[in-house]
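Notes for the one structure printed next.
Order as written gives the chain letters A, B, C and D; numbering starts at 1 within each chain.
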Amino acid sequence: MISFITSICAAAIVYAVSILYAAIGEIFSQRAGIMNLGIEGIMLMGAMSGFMTVYHTENLLLAFLVTILVGLLLGLAFAFLTVTLQADQTVCGMAFLIFCSGLSGFLGKSVTGIASAVKFEPIPIPGLSSIPVIGEIFFQQDIFVYLMYLVIPLSIFYIYKTKAGLMLRALGENPASLDQAGINVFAMRYGYVMFACAMTTISGACISLSYTNFWNEGMTGGKGWIAFSLVAFSRWNPAYAVLGALLFGGISILGINMQVYLPGVPSQFYGMLPYAATVVALVITTGSFRKKHSEEPAALCQKYDREDR
Amino acid sequence: MEKTALLEMKGITKKFGTVLANDHIDLQLYPGEIHALLGENGSGKSTLMNILLGIYKPNSGEMLYKGEKGQIKTPKHAAALGIGMVHQHFALIPTLTVAENIFLSLDHCSFILDQQKMENKIREYSEQFSLEVDPGAKVWQLSVGEQQRVEIMKLLCRNCEILVLDEPTAVLTPQEAGEMFKTLRKMAEHGKSIIFISHKMNEVMEHADRITVLKNGRVTDRMLASDADIDRMAKAVVGERDIEKITIRSKGKTGELLIDAKDLRVLNDKGLVALHDISFQLKAGEIFAIAGVAGSGQRELAEALAGLRKITSGRILMKGNEITKTNIRGRVSKGISFIPEDRLKMGLIPGMNMKENTVLKEFRGKAYSRGGILLSKAIRALTEKHVSDHDIKHGGLDLPVSLMSGGNQQKLLIAREINGNPELIIAAYPVRGLDIGATAAIHRTLLEQRNRGACVLLISEELDEIFELSDRVAVLCGGKLMGIRNTSETDYEEIGRLMSGESA
Amino acid sequence: MKIGAIRFEKKQTVSLSRKVLNPVIFILLGFVLSSVFIMANGFQPIPVFGKMITYSLLNTRGLIGSINAALPLMFCGLSVAIAFKMNLNNIGAEGQFAMGAIFGGAFALYGPALPAPLSGIVMFFLCAIGGGLWALIAAALKAYWNVNETIVTLMLNYIALLFLDYLCYGPWMAPKQTTAMTVTIPQDMYLPLIGGTSSGIFLAIIIAVLLYLFLKYTTGGYQISVIKNSLRTAEYAGIPVKKYILIVLALSGALAGVAGFVQVTGIVHRVQAQLPGGSGYTGIVIAYLSQCNPLVILLVSVLLGALQNSSAVVQIMGVPSQIVTMIQGTLMISVIAGEFFNRYRIVYYKADPESKRAEQKNNHSEQKGGAVQ
Amino acid sequence: MKKKWISILLVVVMATAFFTGCSGSSEPKGDSEKGALDYSTIKIGEITSLVVNDGGWCQATHQSLLAAMKELGIPESNLVVIENVAEDQTSVANAYNALASEGVNLIIGASAGYATFLSDLAASNPDIVVAQQGDQVPNLIGYQIRNYEGMFLAGYASALMAESDKLGFAGSMSEASVRAAINGYALGAKFANPEAKVQLVWANSWYDVDLETQSAKTLINQGIKFMGMEASSPAIPQTCQANNAYCIGYNVDMHDLAPNAVLFSYMWNFAPIFKDILTATVDGTADSSKYYYEGGDCAQLSPFNDAIVPADIQEKVLSVKAALDRGEIQVFGGELKDNEGNILVADGEVMSDEDIKVQKFLVENVIGSWK
């Protein structure tokens, strides 16, 4: 039973990490006031570009860097549309989703369905990994997981304890007041959108460089949408995003296990569990029957146009 | 007093399209002085200050700061030079704390926020200038007066040498305003230069060292406060033009009891009690004014009467009938209309056209829709009637109202609200931000309505307006009703005392 | 905003001709951009586009195919559009489509046998109710507890599709069959074909026109428009906002449910797993590209249907299948970017930066709106 | 103002030129090619639901077709592939029409979901031969492979190698051919070890890296070391490899994806069937009522992974295969019970092909539900 639980927990961590990069990136982007609905497509581009590089060069570090570069470029394009041209963020996100899923399939055509020679393998951390239960859950993972252990505290610290994080929070609430103070609102938004896209491509790379060593069209299978949902669910706080991701991952893994432990229920109903749980959790955490100041960045999805000031 | 000017603005000219907002304006500012910019709305005061702050670029003219010539390019540049401004609409982020808001305004602070150091600094300034603020409080929890103090604190923490305040007293009680001017004086004594924008002659005379008067973008007069008197200033502010004196003040016959409000208790948006069990009676054919500092519960009172806000306890009777639980539509049909304070966020729909705005309250009526289908001809006719009755200037009935001037927007809003001869008209700050012409027209309309026999509940923060128009005045302070007076039997001083919470 | 000697100035109004012309220009521009990808793959763009257009729009069979493919898209587009008319993001048309098909399918396959036109009508309403109820979950959460409808509708998609899977792989699966489909519905419930085109197109036209009239000329449409433009004004005017959230989202869901109706009775004649096939998501694209105008939605749906259908014919030329998806994305991005030029005009600086042109500008600041005075 | 309109005009003119220029260049192919058909002129259309190098089902079909064509000397350029065709009427009709206008002689529908739609279309145009994977439906040549024969061997090998009685199976979606694979595997396991049980887990998706990974993990957590699979991504073999478990690949040879975990793979080999269909099409003897339900070479196994599978087990598997091919072993032979206790086939009898094809049961030693 213990091994069962540890194994579910370890698996939930792996699952959570693969969506957390995108979700935390999107938290930054939305805190800056820009919503990106195209996460799924951008993840695919990340998965494809990373795999493509590793397939041709067998250099994992290079693949990781290429993935980030692709994310930055996509972010630049998205920021140009939404920040400079002030295009509607919802449509832009959908357009990116469609465009990127097409482009990833198109560019990745030559390497579809073939395995690469190398992938990121789990690295047990000496000492820590031999702690019973905890070691197995937390310290026999791969580099993406360990990196996430750093990303979580750093992102929380950045948002709540630094000057730049303070400006980020203000940016999503009231860009005009920052603009008045002489801060380049547009440059900040460009920066955060690009950062978010780079994080999203890393999420994609998790799937093609660590989960498997393989690329196939549409292989992210809806993870981008889950990451997107996680953002509002987390009330724009990375700490809650972590909880949400673990909850979603845990429940979906548990769902498959339930087929073994509680047979007789059609398996599709177990498949529905994580989605239903998300709705319930969303209602509990954000429902307005809890008298609280709304956490949603006030300027989210609002075009910022100096001339409207 | 032969000092060199800290700042000199020479021949500043700024055009917006065909409108000359600033026409060759000269201005000198000396260290340690309080300088008032006096003028009506639209006289170019804010434009001039926005040029000083680097928000607008002048079309021509030059600036000398500490003897050096140069243009202020951006707000950031202005901040670096030590010039800061408290805008009329505060640039605070409500979800952040006071300290965080101040951090935000600082150009040079460590990457990792040192909360402790900041709080100490704030306390230090608090004592030095008697400027009380709680560094840990969230801004959305603060009163308007406190928020203004945070704005001033921001400038102090940035070591500003020139502080510009745009209409700083508009949101304060006379007493709070007095406190604020004391703070300003202390800062001036420490060598800071202060410019404050105002249209109130009394406060300018009382608190400034020197006064510059603007009208239509030009400097019409310059004086030392010690040389100033009301007549001279008034002439400079409004020019030779005659201000239309309102002549229909004559009181009609006392009307019957219209509204009887008993022990009203109403909560504000934060869930706190905004009105503490207040009772009053409104009669037909009177203008009943509500005086008080912004945020004393006026908004909640107006919304509670209009049916927009839930009444926690107490009752409202209209002609003896209970309407406490009647919804907005019910109250509209009973003859209650509401001119809200925020015309573009609540009263009108800026993105929709005049016709659509005109019919907002009446589209369900038989005259304007049949079987759920809007009768566009009737709606057009109604709009045209409003336009001609109230002399509304517009670019076309099909253009969004956001393109109209504020005065015309307000006229349209009022035309709509008095259409159908309502019995109670709740008018919240009906002339805020309007020019003299529009103000007079709106005042006339309100008086006409009273004389017709309607009751007008006038909410205002301008005592001049209240004394000019109202028959009775009630004073709110902190959600409590301090007293109700006949306007003819009271004076500014008494009302001012009541506004600050002193019982009579 | 300034780039060198070019400056962008905000426009206050947009002429109708410009509104129409602008997307057309940028759609063309989108095609020009897409040709880059085609050339990158070693093909000449002109024959490829030529083939796409002649195949899917300029010949009868192709056009019929495009219209049939566009049918569910039309309803999904209308569904998304009506919700967005009130600033509600319904990205759950996919799931509402599925639920509509499930409700209608349950009646068609297992319900009482009714005479011909009546059975179709009952099924139509059941589909609408199925989609509407599914959307109502999100609507109620939004209206009463202000829960983000975007996420709820999205999550409900997954649940509805899994439920459809469950039925089609399980209890509803046709006997003696290995694919996830039910048996066909009774023949007298088929929507008639008119010259190969499903008569669902007439239903789409009627509903789109009704919706257009509703939004433009009725008090209901007026109230929706007030709510979209200013929630506070709507409350101030006594418009029951919560009720409208419920009604509009339910209507939106019902329209997506009707997509299920036309797909089941007009095209597939049975219920199958993955029936919506992404139409709900494409509907979002269509609604936004059409600026939520119901009549334009019909047109744009046909164009997107044609684009989807031309996928096959370009593959025959050897162009990879993904290119069509990319063209679709490029077109969207291009049209979205083009929107900017509806709101801004380009001003070329000459010697005097604030010359004649600047004077035409209606401006901000204290003089805001001064132009009218 | 003028400048703007000039620029707009320019764009419109350019665009018009662009499109009028192209419409002339695409005339439909003449039908002079019609008439006598031979291996150099036959045109073949293939419709697949994913891409042809998906590492799974579509790839298996495509490779089989290429092999058959090569054998018959048909140039590769005679094949037109339309990928990513969804299993709905509009998409299928559109792909069919596009191929028809291209003048193909034979269309191969590589996904069972196309059957009903292609059937209607084929009726309208008898000139084009249509072959379709899956059920037997009117107007189409049907083909399907007795995958349970290969999976029987897979289960047999797994049970021989496993120390415990418990084996696993990771399924995708509960469809008849998938159930056939599961039942084949379970019966094969039982053939080697009468006590063998097969724990089944569904992913409920045809392709989902996550869910497949989780399925495999779930099985491994049950202490299962050997599993069969019916899935397309490499997630299951790779999860096995990472957790010291073993599996039998499916669809294509999965050895390279997880060299330390894949014992061997079950592979679809449609080449013999396609060869037959191609020949008949060229000869003009294609019969749309024909149905292929093939085992033997069609239910192919990849080479054994010598590093894992001991030689004696390899031999045993091969001898059972020979017995299957000779018909000495009937996979669905009586007495056969399902896991709900019903008797499916009485002792001494054999299940009919009809029942095998649409099977809606899981055999006795499968733990799980098909519903």
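FYI, a residue touches a chain if its C-beta (ideal position, glycine included) is under 8 Å from a C-beta of that chain, and two chains touch if they have at least 3 such contacts.
Nothing here was measured: the structure is a model prediction, and the numbers come from that model.
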C-D or A-B - the one linked by more C-beta pairs in contact: C-D
Mean-CA-position distance for chain B and chain A (Å): 45
Interchain centroid distance [CA atoms averaged], chain C/chain D, Å: 35
Whole-Å gap between the CA centroids of chain A and chain C: 27
Chain centre separation (chain B, chain D; CA means) in Å: 74
Residues of chain C whose C-beta touches two or more other chains: 162, 165, 169-170, 320-322, 364
Of all residues in chain A, the ones touching two or more other chains: 105, 109, 217, 266, 268, 271
Multi-partner residues of chain D (at least 2 other chains): 51, 84, 174, 204, 371
All chain pairs that touch each other: A-B, A-C, A-D, B-C, C-D
Contacting residues of chain C [partner chain B, same complex]: 12-13, 217-220, 222-223, 225-226, 229-230, 232-233, 235-238, 354, 358-373
For the chain A and chain B complex, residues of the former touching the latter: 161-164, 166-167, 169-170, 173-174, 176-183, 291, 293, 295, 298
Of all residues in chain D, those that touch chain C in their complex: 3-4, 8, 11-12, 15, 18-19, 21-26, 51, 80-91, 93-95, 97-99, 101-102, 112-113, 115-116, 134-135, 173-177, 204, 354, 357-358, 371
Touching residues (chain side chain C, partner chain D) in the complex: 21, 25, 28-29, 31-32, 46-47, 49-51, 53-55, 58, 61-62, 65, 68-69, 162, 165, 169-171, 175-181, 267-268, 270, 272, 274-275, 277-278, 305, 308-309, 311-313, 315-316, 320-322, 345-346, 348
Footprint of chain C on chain B - complex, ascending: 15-19, 21, 41-42, 44, 46-47, 50, 56, 59, 306-308, 327-329, 332, 338, 340, 342, 345-352, 356, 359-361, 363-364, 369, 372-374, 376, 393-395, 399-400, 402-406, 408-409
